[in-house]
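One chain, subunit A, links the two complexes that follow: it is found with subunit B in the first and with subunit C in the second.
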Partner chain A sequence: MADEKLKEMAREIRRHVIRMTGEAGSGHPGGSLSMAELLAALYFGGVLRHDPSNPSWRDRDRLILSKGHGCPALYAALAEAGYISRDVLPTFRKIGSPLQGHPDRRFLPVLEASTGSLGQGLSIGIGMALAARLDDRPYRTFVILGDGEIDEGQIWEAAAFASFHKLGNLVAIVDCNKIQLDGFVKEILDMDPLADKWRAFGWETREIDGHDYGQILGAMTNPAPQGKPLAIIAHTIKGKGVSFMENNPEFHGVAPTADEVVKALAELA
Partner chain B sequence: MMKHELAMGMATRDAYGKELVALGKQDPNVVVLDADLSKSTKTALFGKAFPQRFFNVGICEANMVSMAAGLALSGKIPFISSFAVFLMAKGFDQLRMGIAYPHTNVKVVVSHGGISIGEDGPSQQSIEDIALACSLPGFIVNVPADEVAMRALLRAAHSHVGPVFMRAGRPKTPIIYREGEKFELGKGKVLTHGDDLAIVTYGGLVAEAIRAAERLERESSIRTTVIDMHTIKPIDGDLLRETAARTAAVLVAEEALADGGLASAVARWLGENLPTPMAIVSIPDTYAESATPAQLYEKYGLSAPSLVEAARKLVARKVRNGAIA
Partner chain C sequence: MRAAFLEALLVEAHKDTRIILVSPDTGGFHCETFRRELPGQYLNAGIAEQNAVGIAAGLALAGRRPFVFNTLSFNSFRCFEQVRLDVCAMRLSVVLVGVGAGLDYGLFGPSHHAMEDMSLMRSLPDMSVFSPADDTVAAALVQHTVQGGGPAYLRLDRAGTPLVYQRDARIELSQGLALLRTGRDLLIAATGRMVERAMEVADTLSASLVDTSVVDVFRLKPFPARRFLDLAESCPRIATLEEHSASGGLGTAILEVLADHGLTRSVRRFGLPDRFYHVCGDRDYMHKASGLDAAALAARLVDNRP
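Our next item is the complex of A and B:
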């Protein structure tokens, strides 16, 4: 998909996020908007080897959204890719919906993992990457983490394991949007120098602008040195694309009002 | 009624380690994870036999549990082991998110269950693991009483598709069963027959219950049905109904806290279906201490003499209530 089309796909994902969270009256718009380009690159930029007509394809690349609260953006990408109908998006967070408040495989089996309790997706991804190695399968496993989420100690247990076991088929993408629930990461638990931490844990580490397709695609597709897991520190803007949500901690976990939905959609038109 | 003293067998953790190797030979999808306690849990035997399928994750229980979820989601059958207290307490949210909630096919086999691990003391003893395991939706919770039961129930756990918790013990354990005895998850085993009282128990206390039953008959002519309720969840309601209807008195003995384990499960089932006078022998609401396993069973009220005393009181209650002429 060409750059312009990818840009439009990110806008489409953002519009879905606004409509879904607005309709639900709850959810997490800020951290969904921050990773729209990352998801567009994965699903539509030729990064993920996947086949929407065969979701259980054995050799599909795996994607785990460890920061499960960002699921509106993932559901939007899955709808645009054809895994689920766009008609189901407005049911987000409503009773009986396959689009649960956090990713839930019981309701939506196309999800690779159920997430929502932070810090666990990278370890689950390691399990999948080990299985690929044991079975000699070519698929890669991608895990999207939040920069608040990586406060969790389990992330660093996983980081140590993955490099020690030379999991070159594993990619961690940190959506570094600088804000966690209670406020700015810098004021709550500053993890800088973050890239140095991942490097010290033995990962090939690439720091990019998470809204720039050239940098995203370069970081995701250029192979890492043999046997090294890849960490992509994607610097992003929380609430990206909607002026009153950008860099605003209030929109971590608060849905836009009806008026705000109209304003946001106008900005994203 | 068995009249002979029970012969001593191997610890259930030893039986686990050995049988796991046999399972690994049979099924290439079996993978084993341990958190730097493989010499104690005996998964090191599997690691030696199948180094490619064994992952010692280091002292990272949370990572281990979630990794098992990822392996199971990719078609593997992971067996994960550590001490009961460490795996269940440090890995609990991961058990919940990665195994119970998505119902992945992971077998959680912990060793060093209960207080009978002995001298290492309360930080290593596990009194909460059974309640924690029973609280997880969709889990089968099982404690084999001896090496024969461990081998058979481990194979049953491997065949079952879904989460299974099994607790193994540290000390050598008397042999209860003949080799080749058949077991089914969720079906308790009747070991002695008597209509005055039932003792329902699991694990290392099965031998204590058999000794107590012998003494009750010899000294007081109280005839006891001893049930090895190896599967705590789901509880064997059919067996409880048949037994409680006959004995009208049920003593539960368990090496765990009474809240949330076998005692709770039996009380709940009987309360809902066939209210029956009950007594409970379990670890009191406290942490224990360093001592030999036998000393701990005695001091914390789990040994045969404690069971005999509780049984006599329960039968006396039954007599007072007019249930026995």
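Our next item is the complex of A and C:
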């Protein structure tokens, strides 16, 4: 997909996020908006080897959203890719919907893993990456983490394991949107220098602008040195695309009101 | 019990290459034969239990059948969240194998005493909880859990305890319990290491003319309610015996079943007290100190005194 079309896809994902969280009256818009380009690149930029007509294809690349609260953006990308109907998106967080407030594989089998308790997705991804190697399958496993999420100790257990075991088929993408639940990462538990930490743990580490397709696609598609897991530190803006949500901790876990939905959609038109 | 289990697992893993033994650095010595014979099906994940359980979940999602082999207290307490969300909420076929039931690690201190694990694991939806009484049941659980699928938790002893069942006995594991001895006056329901103790107690009580049944409840969840109620209906008194906090384990499960089915029986619960053991003592010493030796149990049961 060409750059212009990818840009439009990110806008489409953002519009879905605004409508879904607005309609539900709950959800996490900020951290969903920050990763729209990352998801657009993965699903529509030729990064993920996948086939929406065959979701259980054995050799499909796996994607785990470890920062599960960002699921509105993932559901939007899955709908645009054809895995689920667009009609189901407005049911997000509603009774009987397969679109739970955090990704639930038992409701929506097309998801690779259930998440929502932070810090757990990278370990699951390691299990898949190990299985690929044991079974001699070519697929890669991608795990999207939040920059607040990586406060969790389990992330660093997993980071040490992945490089020691030379999991070159594993990619961790950190959506560095600089804000966690209670406020700014810098004021709560600053993990800087973040890239140095991943490098020290033995990962090929690339620091990019997470809204720039050239940089995103370059980081995701250029092979890492043999046997090294790849960490992509994607600097993003929480609430990206909606002026009153950008860099605003209030929209981590608060949905836009009806008025705010109208204003946001106008900005994203 | 650990050795018998690992031996059975190795035999099964030779046949079923999906099986992979994941150990957070707690099985090396005991898993050595397994590692040597099937290096591709063995993974030492380092001292990182939470990561190990997550990895097991990922392996299961990719079609593998992981057994997470660990010291019991670290397999249940340390990674409860991972067991809950990664394994149970996704209903994955991951078997958690914990070694060191109850006070098996008596001399190691409170960190290693496993007194609350059955209570925790029993509370998890979709989990199966097994507590074998001897090598025979422990070994048979390998094939049983592989065939059954889904999340399972196994509570093992380190050493081989005296055999309750013949080595080649065919135990109906799907029944969840086994009646070992029949009497009219008292039914002792026991689990794990305490099954053999219950048999001892029953022998002692027979001298005092208390005719005692003993049932081995080796599956605490799903609890074999119907089969247990059939036994309970024919006996006026019930005693429960477990090497676990008297709250939350077998005794509690039985009270729940009786209450839910409106069956009124006199029930005595014998288990570990609601306190940490801040004494350095081996298993037998601690059992005695807690009134769980055969003589003390028989004395408390013969005239139904506290």
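One rule holds in what follows: the second predicted complex is superposed on the first by the 269 of 269 C-alpha atoms of A that agree within 3 Å, B and C clash if a C-alpha of one lies under 4 Å from a C-alpha of the other, contacts with A are read in each partner's own complex, and residues count from 1 in each chain.
Keep in mind that, in the parts below, a contact is a pair of C-beta atoms (placed from the backbone, for glycine too) under 8 Å apart; a residue touches a chain by one contact, two chains touch by 3 or more.
Bear in mind that the values here come from a model prediction, so they are computed numbers and not experimental data.
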- Clash or fit, subunit B versus subunit C on superposed subunit A: clash
- Message: Once chain A of both complexes is superposed, is A:74 in touch with subunit B (first), subunit C (second), both, or neither?
- Response: neither
- Message: After the superposition on A, what does A:47 contact: first (subunit B), second (subunit C), both or neither?
- Response: neither
- Message: Contacts for A:38 in the overlay, against subunit B (first) and subunit C (second): which applies, first, second, both or neither?
- Response: neither
- Mind working out whether A:120 is in touch with subunit B, subunit C, both or neither, as first, second, both or neither? both
- Message: After overlaying the two complexes on chain A, where does the subunit B footprint on subunit A coincide with the subunit C footprint?
- Response: 104-106, 112-117, 120-121, 123-132, 134-135, 153-154, 157-158, 160-161
- Mind pulling up the subunit B residues that touch subunit A in the complex? 31, 52-53, 55, 57-58, 60, 62-76, 78, 93-94, 96-98, 101-103
- Item | subunit A to subunit B touching residues, read off their complex | 104-106, 112-117, 119-121, 123-132, 134-135, 153-154, 157-158, 160-161, 165
- Residue set of subunit A touching subunit C in the complex reads 104-106, 112-117, 120-132, 134-135, 153-154, 157-158, 160-161, 164
- Query: Hey, which residues of subunit C end up touching subunit A in the complex?
  - Reply: 20, 40, 43, 45-46, 48, 50-64, 66, 81-82, 85-86, 89-91
